[in-house]
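One chain, chain A, links the two complexes that follow: it is found with chain B in the first and with chain C in the second.
Entry: the complex of A and B
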């Protein structure tokens, strides 16, 4: 390159772009960007636009939205989804904390434990649902054992209702929550807890005043991710739940609209509604997170 | 918080073994109230292990730690009441400087007014009153260090443990903070156990030094004892006796002097330390004890090999006719290739069998 910068002259375009962080390496994002545009952004926009074009133009652009919110059965799918996704996501995050606290640092058998905890990721949701169906069913091992021990007299109904869906979301969602929490907690310098202990803080106070505040921003992210996974629940709602009753979640409603009534605009409208509620929760959690300390957790020199 | 006084902190046979190695073996030490003791040694010598055992962060494999007649090694760190300053400070990044310093008092449910008063006093002591509302990441390394000290001393602990507190600071700041440490110890009179690998730091701060090597105590003594009379070649080497020479002892001469020879040198040593006066010995001499010119019959003829200018003086590497290399520090300006005669006072020649 011969664009020598003579005094007074403007530096070359390439230099000016490089100053703002644009250089040729940036071109490497192009394939990924193309992929996103073609396979995510375009369908999303297409679906969004489609949702404002009801079949036959009934009710104007907002016809399908009006129809959705006007129908109590449809409207209830929002509540159904929250009722399943919120407890599952909360449980996953809360259960991950004590295990991750215990599993950080050097622990005997840590690798085996981690593998066991993470294996469910590799099982598909359908496989998990099929397994749970037989295990938790009225004639499954769980009910037979509990009845054999005389703890219950009637089989408890854990499948074909929302409990089955929640349990399957915990089995598949917990490994994500655990791995994320473990990586956040491993990033907290253990010296800080040692310092707290020399200052008179017992185990609970160390967790409450040192570990938890430093972990909280990570827990917020973990919650968002598991919540989003749970909010889009579909296979286990159909297989393990009662898709016409208390497991009639938004994804089921959208699938019914698309593949039973062939009403793509309605399905698109339900998808948009799903996305809006999902983003509302994520935005709320991130807003709360921004009020927390979220800097370095290394506890060394700044 | 128990503000009990004590007259001595006693370690007896303190040992810490890990799965495959013994990090600290049989450390026995008595620290008097108000004393400043430095644990000194190279990395891996067991000094940090000793400190963690004292703090309660590592359980002992054997031995006891007691304050007068009260055993403390069985207490959890939070119930021991020892303050600790960590090497990387371990400040709480989510809390302001004030709340970092107040943390321990809050854990002990101290009344609010008293917390405010004591935190003010502690911040004043380390000259950080203006920075109370900042977060640790907004402070420089030296300031963070002072917060860590304030956080420990605000508790008025019976014993303060310091784990290489100055090792992350640059040379100038380290020197400044050394002065601060001295002032704090003078003003507060806290019993201090201080871990460092820097002999200068240990010599300048401590009332007493404990030199450790491979988990074992090598020497315990006042700074000048350890500096002038190291008990073995390891301590001598660590305290800067760079000239360690394999020579032969020829037997005692007049007045208890010992003659050693070898490597083309013949020297007289006074007050030799190691017992037997014959056979193979190691002779240790500090570079700054070697001077140009003969001293009391001790003379070595050497050729100057290299000259390093250190500002105040020169560090020279010289060679005897038989090829033994010696280091010396002198203010005389000699040049490479020059032949000179050097000497050393007999009482500065250490002999170890």
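Entry: the complex of A and C
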């Protein structure tokens, strides 16, 4: 404002920068950016570098990666993570769709239901694991009820294996997926379905050819976020699963390497492997998403 | 939000007559809630029981395990740490995140997408993957196991969160108000503090509450960095469940109930100002702009 433009000359550097959007206001982003660079990106790069420096230099730069992929027990943790995270994320998203379809618009009790659904999200997996240990245990209420109804004769084993972990991921992940799907579906103009209805489409056809295509990009994001939550499963895998067996997931392997063996390079290598596999899935889903319709769902005049 | 959109000109739907599809959906929802309720009730009932073996309910009732839990887990210390961490994280992440959200909402500049990605990436990768290297660094700086280390580790995921909540909020405030203030001779800091600040207070409040709820429940970062004197409630609960057998199961449940009550108090306060969908929907469109 104070820098006057000298007559006839090119505008000052400050003005030219301001024209491109660089001005003093932009400096406001610096604290946050510095913080993220120092405490997120620097540790991430540091971890990446560390993962190529195995303890004692064993096996050269790729020693820890070779060790991880060479050890069947360690290698298995990738498969374990996918076996738990994929079904849980898929179930959460697929179950969320019909319920969100039903619950859009004005439905009695919706506000109460949404409020109750936030409870498991904010309680978190540690508390849900503690509750499920009692509830799903061999003498817990679930087995008791099922045996009382004569559905089963022996208690079914749902804790200390991967089923407990999957159930805990559904209890915390389904409300998350549902609320997200609901917010997407509420953004779709109901006039579009009404238009389809006047053209003679039944409920299934309206869903299949109108709502679903408009919802699909949102579902892709919902799946990604639910998958990220499930892929990072840690507390419930330890408390509710069998962390040495079928729920020896990547996060458990990384934490064990860091805090039981104090092998930080190995822990970093496992972190890198986790991030790579997770981002591969997210990238795949987002790539598929970019092939879908991506425009307004509000149905303007255009 | 949704009800307001639909309120005008929407023909009333017949919600009382249920189709088979409607019944199945309701049955599924009720089934989910029964199980959710049972999970929570199992913890609460266990915390009050004297002995609970092969029966529907415990054989007797007592409050003693709350005293046991309070003393043996030193819950007063843990609660103080939890409150300190949560409040500090909220204040610091707002002070750092809000200016950045303003820039992202108001300015277009080369590299904006890259900057946006910088703030989104921490949300898209599992906390344990960047938490382990961060914890390693903090331990090297002798901050591991201290309250300062726990604070730093918890602020990392909170800042992107604040930015994601506040950016759309600031975007929908009319920029002409700021231009008008400038025309009247206000300086930049006056525009920001006296014009914009009062307008974004609802957004700041929503962001603060969402960060508060998240920080109280955030397990991984504190787990990786904390030491004996700097555990938050959720991490202390994890260790209690992990080492179950050392102390009576009822004491662990009592601790879980105390954790649950803490979370619910925060949640009830939060839900007065933010809608349930806002709790999850601030990360709706990570790949757009």
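Convention: the second predicted complex is superposed on the first by the 293 of 302 C-alpha atoms of A that agree within 3 Å, B and C clash if a C-alpha of one lies under 4 Å from a C-alpha of the other, contacts with A are read in each partner's own complex, and residues count from 1 in each chain.
The working rule: a residue touches a chain if its C-beta (ideal position, glycine included) is under 8 Å from a C-beta of that chain, and two chains touch if they have at least 3 such contacts.
Treat the numbers as computed from the prediction; the structure is a model and nothing was measured.
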Sharing chain A, do chain B and chain C clash or fit in the superposition? fit
Quick one: classify A:197 as touching chain B (first), chain C (second), both or neither. first
Which partner chains sit in contact with A:210 here, chain B, chain C, both or neither? Use first/second/both/neither. first
In the overlaid three-chain picture, which partner chain does A:10 touch, first (chain B) or second (chain C), both, or neither? neither
Who touches more of chain A, chain B or chain C? C
On the A-aligned overlay, A:291 touches which partner chain: chain B = first, chain C = second, or both, or neither? neither
Considering only touches as defined above, state whether A:153 meets chain B (first), chain C (second), both or neither. neither
Least C-alpha distance (whole Å) that remains between chain C and chain B when both complexes are overlaid: 5
Using the touch definition from the top, list the residues of chain A that touch chain B in their complex. 189, 191-192, 194-202, 205, 209-210, 213-214, 292-293, 295-302
Per the contact definition, I'd like the list of chain A residues that touch chain C in the complex. 20-26, 28-29, 31-33, 35-37, 39-44, 46-47, 50, 95, 98-99, 102-108, 111, 113-135, 139-142, 144, 171, 174, 176, 179-180, 182-184, 186, 190, 203, 218, 221, 224-225, 228, 231-232, 234-235, 238-239, 251, 254-255, 258, 264, 267-268, 271-272, 274-275, 278-279, 282, 286, 289
In the complex with chain A, residue positions of chain B that touch it: 1, 55-57, 76-84, 86, 88-94, 103-104, 107-108, 135-139, 141, 144, 151-152, 155, 161, 168
Chain A touches which residues of chain C in the complex? 1-3, 5-6, 10, 13, 15, 21-22, 24-26, 28-29, 32-33, 35-36, 38-40, 42-43, 46, 53-54, 56, 95-97, 99-100, 102-104, 106-110, 115, 118-119, 121-130, 132-137, 152, 155-156, 159-160, 163, 188, 213, 216-220, 223-224, 234, 237-238, 241-242, 252-253, 256, 259-260, 263-264, 266-267, 271, 275-277, 279-281, 283-287
